[in-house]
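Here chain A shows up in two complexes: once beside chain B, once beside chain C.
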Partner chain A sequence: MTTATRQGSGDHVSGMGETGELPRLLPPAGPGGQAPDLTAHLARHGRLPYRERPGVLIGDIEQAGLTGRGGAAFPVHRKLAAVLEAAGRRGKTPTVIANGAESEPASDKDAMLLWLAPHLVLDGLQLAAEAVGADSAILYTHADREHDLGLRLRQALLERQVAGADRVPVQLALAPPRFLAGQETALVSHLAGGPAIPAFTPPRITERGMAGAPTLVQNVETLAHLALIARRGPGWFRAVGTGPEPGSMLATIRRPDGRPRITEVPLGMPLRDLLGDLAPESAVLLGGYHGTWLPAARAAGLSLDNRSLAPAGARVGAGVVISLPADRCGLVETANVVRYLAFESAGQCGPCLNGLPRIAAAFAELARGRSGPRTRADLERWAGLVTGRGACHHPDGTARFVRSALVTFAAEADRHERGRCSATSARPFLPIPAGSARTEKDWM
Partner chain B sequence: MWYASRATGVVALLLLTAVMILGLLVTRQGRLPGLPRFAVSGLHRNLSLLAAVFVVIHVLTAVFDGYVDIPITASVIPFTSPYERFWLGLGAVSLDLMLAAIVTSLLRRHLSRRAWRAVHLLAYLSWPVAWVHSMFSSGDLQHGVLLILAIGCAAAVVGGAAWRLIAAARDVPRAERVSVQMSAVHQQPEETTSR
Partner chain C sequence: MRAVSPASEKLLVNPIECAGHGTCAELLPELITLDEWGYPVVDPGPLPPGLERDARKAVSACPTLALRLLRA
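Presenting the complex of A and B:
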């Protein structure tokens, strides 16, 4: 299996029978599933359809209805237009950044995409650069995957240089292993030589980012979709997905042994079909560690699009869909993650710095069955107090995750308060990266 | 009206001193007994607006009183008053700096943090200038109870600023703050690198 050579080792599932057209982004699973070189890539997708003028592609992207696949689902054409407009108004040449610093430990789809289809991402980077009139581009990805992914990306960039495929020079930059490293202001701070910590906005980076110039940051999967829309048109893109949320996306599912499974699915796919043999037994985590726990029964009736998930208080995010195995305790899993998230606070904003450690400590007591009568009420109150009070959304996302756990695992919390736990396995399930930041160097 | 002007001037100085000290507290996330942290910043904001009202009354009463001739323009354009040109000029400088701080704070949502902070730091200039203006524009503060009051104000602000500098020097570096908090809330500090 291809991915066995990559660190995390998981599978990628291609070809969803009933939607013949998928996968679009990932190469069809072939023997070994090697990443295609530039020649094979161009043979499959065709040449780069440069538009020869800034702005031209933006109309196509608007018609396609492409939204950011990094988790926020912001309309891509609006960001492109904002950068182009700011560049014209302020007379500064923009920079474009492909964001492959997948901050979610539970997600593996960006790394998989960069591993299997680096040229599609790099095509998108070039086309986005042309669309906003940029003269430089950066591919930003995690340093801890450097020993294999970094090499592969350097090879891909070299191939393109030799073939003269790129019009804008692309630099490879590596992110520190921090949860917030992919947050776009943190990314700009890091690329400017500082620590990867979020900045206060305004100014927005579409206005003032790298070196004070308008800066476009797009998730790598978003750029891959953009490269295909540029070639095949908005109508083709809309052939899958739902009306308001068209297209396909990469989803990360985790098997009971913890290994990731990456699959490309149309938006609006029923979660039941998406999980298949991993049918939810107790609860499902949607959207990752800033996401939402839902009871299995609730999740079974939902589909992978924001219109379906919103009433349940959940979001598609970056496509993380994890079914909690029946033998694990949701409270213990949540406590592990919250502890990790608290350690990943940048330590800048009071509510996050003071609140998250306290929330983590209280949740740990709940998970260990040592909570007091007021612990749950305290958690609920503190989650409310930190929400909306940071430079970035780290406290908000953590609070959402904690609150959804309190609701979804309410019965389990009752059991814990009586000193019992329904789990039969103590092995941690959700992936937690090793090591936390101790000094400024860990953020560089 | 002349007496009203002098009285509001003294009250404004007291209020501005309180605003300064609260501002110093806010920057270091200090607390006042019985008040949560956010209340300190709320008090800082409300008192500064109240002080601004007193300053405005202080200026207008001085201008419209016929006792001495101070043109209204001299209240904002420094060193243009025929009466006590230099000392009133300082008052105008202080008022301008104060207005800059207030306007940028009211528009803070639309400004970058850096721009807002740069302007807000001018308060450190505004207060001493206002104090010198208070001391030397008229002889009121130069003797008796008011002299003690003026010196008390100066001592309070100097002391507050010194405390702020010491507190800043003792600051935990940003990257280490989270670990410090985490070990503080977990009763028995846990191993963090073992995972």
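Presenting the complex of A and C:
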């Protein structure tokens, strides 16, 4: 139907052909990167295996060990069970939301998945709705500036309606282009007609979310895995990945020399295999802009699973793995991102509203070689001061990112304090979205 | 017979409601200090015995009702 392709945006899909098992989620790269229509999708994956009763699927998901692929890696079966239980106890029918509003500017895997395999996500949304006894569902995603993702998803929903594939009606909702738009409470606020800004919890949205009803929010990739587990079973899912962290995940890989690449990898994949040869003096960013910088030499010995990354203070997150080119300055790159993150604060909580701009300004001084003798100590103190003191994790994630930069780029910071910088290119490497929120309308 | 111990409680700030008036830190300096921007930093542990009355005063004095006592 469409001639636009995501390949056109400089991304390309690749699977791990040598294992013979991946990719599971993304269709084999076809001409023009076209998404399979519903008929082709069902021919590849088979019909929707409805269980005919709420709760039934939850045991399979627990055995599979599926965790959320939006970044938090929370066990999916526990969220499903919490919503089902709250619905029964409170006598309220739940709502299910597929969260495709990936906030990381460096990540493009959810948009890619929705573009290339919308029906797998929508299958998962139906099956999750059945599992918790929901009677309505919402697909929430960013409008895609380069491609009309909204149109594509509307076409997919229409196809399913015509074929009678869906049992629960699905609404499409578009998120504003804000870093926090995909945060669960921000999402619920936005879908209720308000701004996409976080709320203070408790209550959890599994207890009281949309219209006060128990609400299940799952990342779109998580739902796609769920749809496959429902068809093929937990044993199939566990055939790749590690014992404690089974399955595969979509990762966005940015290497120094190339364009971003979205690839489906098994959990536990060595970072060396993902990134190729790393310049030892360079650095790797794991988990995106709320993530962690690590020296390349350290990252080279780690793998893409939380058991491996935790001792290094890093997490898999939503699968963003970035190798910083050796000719760029990590302090300059960090300063650019921190400035963006400060602007993306919803400005509701005092420590975030005050602390993030201070941190951004001080980091900019460090990056420009204009820092004072106390700048790094100030940054450390402010990072500690904002952590754990917001309604959401935006200050915590920003502080983690900043602290890891101070450690990983400590030698470079010494150089900057002596008025030098080892970078030979000033061209920004990490992507920063243009435009920040100025009025409340920008959050709607 | 079991000894009756007071229910363990802890302080919690709703950071969205908090406007940094600082009243709480004046009334309960043992557990609440202000950061350099005037916002409260609250001891995350359970309320120590003897401070229950002051804690309740601080909670009811908050102009934005941002401070709460929760069961720990």
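Heads up, the rule we're going with is that the second predicted complex is superposed on the first by the 419 of 444 C-alpha atoms of A that agree within 3 Å, B and C clash if a C-alpha of one lies under 4 Å from a C-alpha of the other, contacts with A are read in each partner's own complex, and residues count from 1 in each chain.
Note that in this section contacts are C-beta pairs under 8 Å (C-beta built on N, C-alpha and C of every residue); 3 or more make two chains touch, one makes a residue touch a chain.
For clarity, every value in this text was computed on a predicted model and none was experimentally measured.
> Would chain B and chain C fit next to each other on chain A once aligned, or clash?
Here the two partners, once superposed via chain A, clash with each other.
> Who does A:P280 touch here: chain B (first), chain C (second), both, or neither?
neither
> Is A:Q348 touching anything from chain B or chain C once the two structures are fitted on A? First, second, both or neither.
both
> Of the partners chain B and chain C, which touch A:L385 in the superposed model: first, second, both, neither?
In the superposition, A:L385 touches chain C alone.
> Of the partners chain B and chain C, which touch A:P176 in the superposed model: first, second, both, neither?
Neither partner.
> Figure out whether A:S436 sits in contact with chain B (first) or chain C (second), or with both, or with neither.
First partner only.
> For A:G71, decide between first (touching chain B), second (touching chain C), both and neither.
The answer is neither, since A:G71 touches no partner chain.
> With the two complexes superposed on chain A, say which partner A:F200 touches: chain B (first), chain C (second), both, or neither.
A:F200 sits against chain B and chain C alike.
> By residue count, which of the two partners contacts chain A more extensively, chain B or chain C?
B
> Flag for me the stretch of chain B that overlaps chain C after superposition; candidates: 42-50, 60-68 or 186-194.
Looking at 42-50, 60-68 or 186-194, the stretch of chain B that collides with chain C is 42-50.
> With the touch criterion stated at the top, can you tell me which chain A residues are shared between the chain B interface and the chain C interface?
200, 348, 350, 354
> So in the complex, which bits of chain A are touching chain B?
Spelled out, the residues of chain A in touch with chain B are 195, 197, 200, 202-203, 342-348, 350, 353-354, 357-358, 360-361, 364, 432, 434-443.
> Once bound in the complex, which stretches of chain B touch chain A?
Against chain A, the touching part of chain B is residues 29, 37, 110-113, 173-179, 181-182, 184-186, 192-193, 195.
> Along chain C, where are the residues that touch chain A in the complex?
14-20, 35-39, 41
> Can you name the residues of chain A that touch chain C in the complex?
Going by the criterion above, the answer is residues 199-200, 348-352, 354-355, 385, 389-391.
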